[in-house]
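Both complexes shown next keep subunit A, but they swap its partner, so subunit B is in the first and subunit C is in the second.
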Partner chain A sequence: MNSRARTESSGLAAARFALNAFVLAAAALPLYLLAKQSVTPELETFAWPPHWMAHHLTLSHFVTVFAVNELRSAVLRSLGVAAISAAIATALGAMLAYAMARSSFAQRVGFSTVTGVRLLPMITVAIPLGIILATLGIYDSASGIGLAIVHAAIAIPTAALTLYAAFAAIPLEVEEAAWIDGASPLRIFLTIDLPLARGAIATALILCFILSWDEFGFALLVQQTNRTLPPLLYYYTVFGNVGPASALAMLMMIPAVCVVVALGPSLRGVLTAGSSR
Partner chain B sequence: MGDLAIRNLTRRFPSGGGISDVSLSVRSGEFVVLLGPSGCGKTTLLRLIAGLEYPDSGEIHFGGKSIERDSIAMVFQNFALYPHMTVFQNISFPLKLRHVARDETEQRVKESAAKAGLTVDLKRFPRELSGGERQRVALARALVREPEIILMDEALASLDAQLRSSLRVELKEFQRRTGRTFVYVTHDQVEALALADQLVVMREGRVEQVGAPEEVFDCPQSEFVAAFVGNPPMNLFNAETTPGKTVTVDGIDFKIKPPEAAPARIKFGIRPRDLSMEAGEGRVPIDVVVESVEFSGTTYIIYAKLGTTPIRAELSRRVQAGAHLTLFLDTARLHFFDPSTGRRIASHERA
Partner chain C sequence: MRLREILFRFRAVNAAAKRLRTIFVVVPCLFMVALLLLPALNGLVLSFDHHGLSLANYKFLFHDSMFWRALANNLLVPIGSLVIEFVLGLALALTLTARRNRSALIETAAILPFAIPEIVILTLARYIFMPRGYLNGALAITGMHPLPWLSPHSSLAMFTVILVDAWHVTPVVMLMLMAGLQTIPIELYEAARLDGAGTLATFRFVTLPMLLPAIVGALILRGIDALRIFSTVLVLTGPEGVPVLSTYSYSLWDDAQKPHEAMAAAMILALMVTLIGLGGLALARRFSRDDRVPA
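Showing the complex of A and B:
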């Protein structure tokens, strides 16, 4: 009985191990091929049959990425757009989330609006958005400010939903104590609620940053010539510059890697922070 | 310093609850306790005084003027400390909002920490403190801006029993020393009787009785107060009377005289401690069968049956369960109530 149970459970463990290995391989293989591509010389890239290991190594693709002006400015522009849009979305999302956490009316309206915005096929508003940005004179600007505003608008629901539960978890009693101590509502929000929700605010900033960093459709439309990284990567690929495109793709993974390395084991907590009490 | 006057205050909630037409006056430096079961409106009344709720109608005056936030401090049930601030930052928060200079702030924080009996390092965070220490931080924070009225909402309820009773003593001493007006909400009658200069018993949004604790205990103005205040609770019997002659419960004649204006059906009550095993002047005997006995530490609580009616007595000696016992009622300590209104009927001895 005992030994049979042990055989069964070790059989189960083997099956689980095999499944894990398969899922890991399926996820890791494209990443490996990309990494290999980024350090393989141009000629070897199209070798047939394909090489599993690069026979020659080169850093020339990375050098190209940094040498070409367009690429360098695209990296900076993407960083700027992501940072600005994350800041705007988190600031506005925090206000929305706070209202939703403290008023049942705002909660009803907030949830239906946020859900509505998320259900809306974004690309349908591309043309009006383009016209608005052109009228404001920030269409295809070198700074990418127009795209930053668009990304902020897209990211507000994400920020608000991340922050909502964090604000709802702050006891009303603590705010009432601050009010009796003499604080104004704005003061209470700034000195009591925001510091208490700082974990969720960090999460919202990271999520909104990655959302913008990775966004392709609006980036393609709004930044026609002053491009950000995702459209640039697309152009490099379709025009056959596989090496530099791979190097660029590797660079684009850096923010995600930074988050994983910096937060490590607490990452699971961060990504679900604010999603439940 | 001034008196607190509450006039015809009403606040109803759509979901039910709240208070109706409550009037109350509190003298400066008094310790007032609002006592009642949950949902009686005591917390609503406190929150109205604090300004956390707006009244539907009625007024709250303090020292002849409308009450202001500056003259009030409050201690919440779960203390409501700011979790991200140190003890020092917690206590100094009200001063920071008033732009008090740094030297003076430090001085006043130290003073009120000492007054609240707080001995912990002020650089620690609330999460590092015990329940009793958090309570002291909350008190020190309430005290630091020298309010005229301190409101407390079940402020000891979340602490363990031993700490609660020692803090109760400290709190009373603290109030005497600072001379502030305290309004204290509790559902714990032991706490209420121990702390109050003036006890306000509330029920279903209305004030049931106001008075010194002894007055409320010895002379409850309604059946509700009689049943709610006192532990073990007062015996209350449904009785029939014949004018000026007899009071019978379940057909058993109690050989006591009903009050003059008593209706045919009446409720009468007697506290368990006003029943004894010794005969004496003004005492009438009743025969009971003991069902069970509890030792309370100083006395024995006897659960017995008088015919079919349950009765509780608090005796100084142990008796055996099942024993037939003659108990003596102190007729000077009977309470009569009109069952149709629930109000007290003045008895002839006192009238």
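Showing the complex of A and C:
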């Protein structure tokens, strides 16, 4: 690859420079505009021609976000749903990944289930699921427990994919030593494999948390009035309130951006694991 | 311990391990099936129910012009989005894996749009593309007329939807292709250089064929996702601006209070995704079998 770079023409170099500038602009400019909107008075946001720099600064939108009860409870609900769903998805995903790493039969069953489930469009599942959750009495609940369970189900493939490589990398000799000492398979899994995979478990927890934190479709259909952050931001965006919407959007970005910047390299492995199958 | 005892224990432990694996694979899979597949099957039943078993819900769709527009858009928007994603994603992947150009800043910047929650990207896009938004502001500075980027039923609005969708997803495609590029042995490039191949020839005869499995894999995964497009359309243009099957079904359910017709539309989308997805998987499998160059 570097040999290819050495022979490149100046035209290609210029194209590269343009591409880099484009990437930086595509990433930075929108974020800047959003940040600007979150700290300028709403009247100024609707000015024409639009202001590229803030003329007046205000923190009132962030104050609003924390003062309005609906917004505050949405933040708490989103946190709760994401935490519960990440815990369930990682626990179940660890079971699935372990079985898949140790048996080819489990691998086949797990792979076809995940493939089948991934082919289902959100809307096909969400409408009838709402009816089922309603009969169970957890549709649109204030705690968001119904949504948390749904998010756990859609996050299991992500968790299993993240953990599979970690379990597959643990040599069988380690487990065999524990067999000889008389440990049961469950105990081997709990006391040997899980601790050895703790790095991957942390990654899986974080990824599943973000998946739920960002999820819009199911949240919109399952939590119609007790909203989580993404549907709430949708309503704020579509029905006015630029200032609070921008402030909310800024707050929503914090966990996701931190994680992706921190997890960069390992995230790449997870995202690409599907393509090299 | 005698050998027989060890063998006996080994068999017992082996059976117990097998039991554990079975439980470990069955419980998560049942959880997913119960929460995702069963509701979909329930929806299938509902879609054939119109005061008793009938095809009335599907007939309703076939007589609704909005359905046909949603169906057409549901093919056009994903195709447009995939083209942009893959051209741009490949260009970025090639640039970022070339050693001379390696830059942590650019790489982070390239991944960033994917790190931002989808709904935040869409909120932003709305403010950028709205009639008195930043894009038209920028056009005004350069002396051009403002354009109705999001005007309902226009092909310009479809273009905007495609652009925004690609903006969010290009980083994923880029990462998948980067992983594919890194598996290409460097010796192939050296051999191509010794044979006197230029940059374009090297790309055409080394990079592209070697990368093909990664491209096909990414295309299937991304294609399935692209067919399910929902939030981009809903936030940017509303369910009726550039209708796709998901938003059409959503508006039947939410605005028109026609849950059974909504399920029929959702079933047609599910059928479409399943056919295209399974077809793609079968194609990819044949691809990797025919592949004579070891990856």
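Rule of thumb we're sticking to: the second predicted complex is superposed on the first by the 239 of 277 C-alpha atoms of A that agree within 3 Å, B and C clash if a C-alpha of one lies under 4 Å from a C-alpha of the other, contacts with A are read in each partner's own complex, and residues count from 1 in each chain.
One rule holds in what follows: contacts are C-beta pairs under 8 Å (C-beta built on N, C-alpha and C of every residue); 3 or more make two chains touch, one makes a residue touch a chain.
Quick caveat: nothing in here was measured; it's all calculated off a predicted structure.
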| item | value |
| --- | --- |
| Which of subunit B and subunit C A:A177 touches, first, second, both or neither | first |
| Subunit B versus subunit C as contact partner of A:L92, first or second or both or neither | second |
| Subunit B versus subunit C as contact partner of A:L33, first or second or both or neither | second |
| Partner chain(s) touched by A:R187 [first = subunit B, second = subunit C, both, neither] | first |
| Touched partner set for A:I132, first subunit B, second subunit C, both or neither | second |
| Contacts of A:L196 with subunit B and subunit C, given as first, second, both or neither | first |
| Which superposed partner A:P121 touches (first subunit B, second subunit C, both, neither) | second |
| Subunit B versus subunit C, judged by how many residues of subunit A each one touches | C |
| First (subunit B), second (subunit C), both or neither touched by A:A245 | second |
| Subunit A residues contacted in one complex by subunit B, in the other by subunit C | 179, 182 |
| Sites on subunit A touched by subunit C in the complex | 1-9, 12, 16, 19-20, 23-24, 26-28, 30-31, 33-34, 37, 46, 48-50, 52, 92-93, 95-96, 98-100, 102-103, 105-106, 109-110, 113-129, 131-132, 149-150, 152-154, 156, 160, 179, 182, 184-186, 189, 213-214, 216-217, 221, 230, 233-234, 237-238, 242, 245-246, 249, 252-253, 256-257, 259-261, 264, 267-269, 271-272, 274-277 |
| For the subunit C and subunit A complex, residues of the former touching the latter | 9-10, 13, 16-29, 31-33, 35-40, 42-43, 46, 91-92, 95, 97-101, 103, 105-128, 132-134, 137, 140-141, 167, 172, 175-176, 178-181, 183-184, 186, 189-190, 192-193, 198-199, 202, 213-214, 217-218, 221, 224, 227-228, 230-231, 234-235, 238, 245-246, 249-250, 253, 259, 262-263, 266-267, 269-270, 273-274, 277-278, 281 |
| Residues of subunit A defined as touching subunit B within the complex | 171, 173-174, 176-183, 187, 192, 195-196 |
| Sites on subunit B touched by subunit A in the complex | 50-52, 69-70, 72-74, 76-78, 80-84, 93-94, 97-98, 141, 145 |
